[in-house]
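Dropping the structure in here first, questions after.
Naming follows writing order (A, B, C, D, E and F), and every chain is counted from residue 1.
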Amino acid sequence: MPYVNIQVTREGTSPGASATTPEQKRALIQGVSQLLLDVMGKPLASTFVVIEEVDLENWGVGGLPVQEFRAGSKVP
Amino acid sequence: MPYVNIQVTREGTSPGASATTPEQKRALIQGVSQLLLDVMGKPLASTFVVIEEVDLENWGVGGLPVQEFRAGSKVP
Amino acid sequence: MPYVNIQVTREGTSPGASATTPEQKRALIQGVSQLLLDVMGKPLASTFVVIEEVDLENWGVGGLPVQEFRAGSKVP
Amino acid sequence: MPYVNIQVTREGTSPGASATTPEQKRALIQGVSQLLLDVMGKPLASTFVVIEEVDLENWGVGGLPVQEFRAGSKVP
Amino acid sequence: MPYVNIQVTREGTSPGASATTPEQKRALIQGVSQLLLDVMGKPLASTFVVIEEVDLENWGVGGLPVQEFRAGSKVP
Amino acid sequence: MPYVNIQVTREGTSPGASATTPEQKRALIQGVSQLLLDVMGKPLASTFVVIEEVDLENWGVGGLPVQEFRAGSKVP
């Protein structure tokens, strides 16, 4: 009975989108549940998947909020 | 000094509500803190409880977003 | 379909025990699942509970590992 | 830069194994990272995957530790 | 490649603010990433920091939602 | 009343150590609690810090277990 938590930044990654789309969420849920069935024999019905979208200013990498990190900028 | 994280879908479960109500949240906080006191002797003041409400499209079970799973439907 | 994560320090809280006992774990699982049924109408079968025991040196409070905090000591 | 946390019970699911094998862990890591690339265009190098194995007595479902739940037994 | 999750109540702690400010978030990200470099030699670029702001009514301590706990009140 | 969860790989990062040392853990707890006091005015006593050490084979990056990723090898 696996539990999977997926955290991604809240931003669009498909054309015209400003956030993860319902289709992308469905594909993540489907894909990771199927993976646990294929690799470990876990029945689909016993896997919970929780997707959390995190605002860009709340995600840090390289010691900076992710947008500043991507911009290669260290301007405060 | 326990820490308890409770994740539930964001939807109403009491009459007329479209989300977990403040009363339900208080009851969860009270109940789980009391449980840790009763079972393990943890003082109420040393237990943190964090409730997270998760949008229905972000919660997966059975390889599907929860609403589709409940509907027994696999229609995209 | 709630998911509950309970983190406690790994230490005995019942006579003669040096860790959470299986009976205590069962009582936590039972109690929190019942709470979600009582407060929010969530069926027992749809609640997952995961208990994590955390070594004392890995738990901090008051800016100190928990054992030093309890002892009121800041000796290294 | 996604972060994925996968929690599974600590038990063997392949022949002769009493826990998740290194090969299964590699397959989970590979599969979920590839999924995030395919669905959301996230580069493999920017995805972290953390697998947590949870002792059977620490995982509850149906108001019982998972082994009792599977056995359909409520005997203490 | 550390992952750090920081959960705080959603409320202002600087003059005139009603939530954690972008400057405070940047300082948290910077400070904790630097700490992991100083203490454990972890390169800045390999540390992820995720800040989660939790609504006051979703945070419990002392068996009560945090605002009631602070007010020392048990009034419903 | 912040809660901070720090996940690191279980391996030595100081001379002769094969895991995070108690001194490093104390420094992490102290540093992150102080940071929350300095940046947000949170009293030391109201911050919980939980450190989780994750076995190398359970941590993935770049679609591989971390040791293989570091070795630049994709050999199974």
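What we mean here is this: a residue touches a chain if its C-beta (ideal position, glycine included) is under 8 Å from a C-beta of that chain, and two chains touch if they have at least 3 such contacts.
Which protein is which chain? UniProt says A, B, C, D, E, F = Tautomerase.
Quick caveat: nothing in here was measured; it's all calculated off a predicted structure.
Student: The E-F interface: which of A-E, A-C or A-D repeats it, judged by over half of the contact pairs being the same residue numbers?
Tutor: A-D
Student: Looking only at C-beta pairs that count as contacts, which pair of chains has more of them, B-E or A-D?
Tutor: A-D
Student: So the centre of each chain is just the mean of its C-alpha atoms; given that, what is the distance between chain D and chain E in Å?
Tutor: 28
Student: What is the distance, in whole Å, between the centres of chain B and chain C, each centre taken as the mean of its C-alpha atoms?
Tutor: Going by mean C-alpha positions, chain B sits 17 Å from chain C.
Student: Report the inter-chain centroid distance for chain C and chain F in whole angstrom, where each centroid is the mean of the CA atoms.
Tutor: Inter-chain centre distance comes to 21 Å.
Student: Give the residues of chain B touching no fewer than two other chains, as numbers and ranges.
Tutor: 1, 3, 7, 28, 32, 48, 50, 59, 61
Student: When you check every pair of chains, which ones turn out to touch?
Tutor: A-B, A-C, A-D, A-E, B-C, B-E, B-F, C-D, C-F, D-E, D-F, E-F
Student: Mind pulling up the chain D residues that touch chain C in the complex?
Tutor: 7, 54, 57-65, 68, 76
Student: Touching residues of chain F toward chain B in the complex: what are they?
Tutor: Going by the criterion above, the answer is residues 1, 3, 48, 50.
Student: Tell me, which parts of chain E touch chain F in their complex?
Tutor: Chain E residues touching chain F: 1-9, 13-14, 20, 24, 27-28, 31-32, 35-36, 38-42, 59, 61, 66.
Student: What residues of chain B sit close enough to touch chain E in their complex?
Tutor: That would be residues 22-23, 25-26, 28-30, 32-34, 44-45, 47-53 of chain B.
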